[in-house]
Amino acid sequence: MDKELPQGAGETFRNSHPPSIPADGRHRYTLRIYYEDTDAGGIVYHANYLRYAERARTEALRAMGIPHADMVGQFNVMFVVRRIEVDYQRPARLDESLTVVTESVAVGGASLVLRQDVRGTMGSCAALTVRLACVRPGDNKPGRIPPRWRATLNAMRDASSTAKSCDHDEG
Amino acid sequence: MDKELPQGAGETFRNSHPPSIPADGRHRYTLRIYYEDTDAGGIVYHANYLRYAERARTEALRAMGIPHADMVGQFNVMFVVRRIEVDYQRPARLDESLTVVTESVAVGGASLVLRQDVRGTMGSCAALTVRLACVRPGDNKPGRIPPRWRATLNAMRDASSTAKSCDHDEG
Amino acid sequence: MDKELPQGAGETFRNSHPPSIPADGRHRYTLRIYYEDTDAGGIVYHANYLRYAERARTEALRAMGIPHADMVGQFNVMFVVRRIEVDYQRPARLDESLTVVTESVAVGGASLVLRQDVRGTMGSCAALTVRLACVRPGDNKPGRIPPRWRATLNAMRDASSTAKSCDHDEG
Amino acid sequence: MDKELPQGAGETFRNSHPPSIPADGRHRYTLRIYYEDTDAGGIVYHANYLRYAERARTEALRAMGIPHADMVGQFNVMFVVRRIEVDYQRPARLDESLTVVTESVAVGGASLVLRQDVRGTMGSCAALTVRLACVRPGDNKPGRIPPRWRATLNAMRDASSTAKSCDHDEG
């Protein structure tokens, strides 16, 4: 029922590169900064970058055909945050438009590491490394990432590491 | 198990004035303003007064022996917000200490109207009138406020309206 | 430099109906509900509707060619919230898409009343009436709404009241 | 004018152990979880631990006689967050009372590393390592931590590392 889910995302999965994965393996989510996001220092309140990163993860998973409602409904598992490292690089300000670039960097049987870069018009504002665990909602015990999704996450990781080596070649 | 629940709050209820109701019927909850509360205008973000009002309602109910966990657990009802009117009177700023003064102004069979005044050192910052409905969590249908609690809320309303008429006499 | 500002929004203003005002005078802003928006009741936390309403006001003003940075920069005035009434009608849930419909209902020399309806897929979730004052940032004293913007806000109000009378005719 | 600032905190500093530093070098800040803190998973939203950690840092600095208003007012410097690592260990729930234990672990000329443990009744919920930079508000360039405060932060670090070695001896 989700209008934003790419049509046939599941069906096209037989191809190694489902269309729902960006060519460079990097999902992009754009948001704007409103008053609610800022603090008396005139900049985005530092904890809010974690909120933007989660919005972006939600949309990245949805774009890959893994909306979290399906994870729970079909497979009785969900991702929970286990660890976050965040480096603050440049403050973002009111009215600024930010893009969260999400990459898959490591995919395990029941865990996932993402790299998320929150970029403003003047460069990176905050860079996050996020470790997620796949757990069963009932008892919070580890649960295996369903094979189809693991393959998608691996495809995303491969596409992004290929793109990265090209970045370096060009640099 | 709640250490802040006055001992024997239920038992003492036979008295018309349980000790958990302040003499003037006005519950006071104090909080401090941190960076998270402010916005780029240098003042408290306007939506946050609703958060402070809810913290204060939670503590006011707890102090009266009506912690919301008990409402659900013992009586299978809960309060939900139906309507809020808020007048913004003076901006509050970083590091300021605010006191939310909560009064019961009308108690119905399945509804409750509270008046909540968020006061800073320089006077009132925001004045709220909050209408709550008592509902059953399962289907959100109206549920009667348990008689003991209704009596407590009425006692609070009476104490506060008495205090108010004294305020006027003195004024 | 704002890519979302309609090109020539100022220039086209000579027409009574600038293109930046929707035909029915109702601005629409769409957002999605993420985990950060919800509470342990499984629904959107009630104070967050005020945040959505402000995001929508910001975008409505921007679409009308009145970004708040310009208000301060060119005219040394800004809108501040003086009063909000909000009626909660139906809870919104995780992953739901909401549309905030904003209408201008009264335009004074230094004040403005907007009606904002936050709609989900099942109907209205929260209906807000928001009174804004136009003030000078320095001393918070009332400042007149610049004539061009007042005219735009009036045009929006007229378009929406016309649309409303048509709604009734059709009903 | 801050009633919570210990009287004469500055004057007593001539002693190696100012009374404002806890004997074990660990500052404790207690808060309660309200609806606003939770999400649809029924637990505290993960980004909120960063807000609690900041409330605790503010109070820890205030208790040590370093309220941030004074930092800016007297010395024209402020602390900004450069990096946070947070490990999520156990979810906290509605109505739970949490204590943030803050320790100074490294004090540099213009930087500071704190360890902050957010503890619930069942154990640690989240453990944070926070790197702060001391900067000048005007240009965000590094600024030296004023010597008196550096000494206080070092005294806090020493007290806590002594306490820690005692913990181990006892263990």
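Labels for the chains are A, B, C and D, by order of writing; each one numbers its residues from 1.
Throughout what follows, a contact is a pair of C-beta atoms (placed from the backbone, for glycine too) under 8 Å apart; a residue touches a chain by one contact, two chains touch by 3 or more.
Being a predicted model, the structure only gives us computed values, none of them experimental.
More inter-chain C-beta contacts link the pair B-C than the other of B-C and A-B. Greatest Cα centroid separation from chain C: this falls to D. The centroid of the Cα atoms in chain B and the matching centroid in chain C are 30 Å apart.
Here the CA centre of chain A is 40 Å from the CA centre of chain B.
Among the residues of chain C, those touching two or more other chains are numbered 35-36, 47, 51, 54, 94. Those residues of chain B that touch chain D in the shared complex are 2, 32, 34-36, 51, 54-55, 58, 67-69, 94-95. The touching residues of chain D, counted against chain A in their complex, run 46-48, 50-51, 54, 80-88, 91, 140. Across the complex, chain D is touched by residues 35-36, 38-43, 45, 47, 93-94 of chain C.
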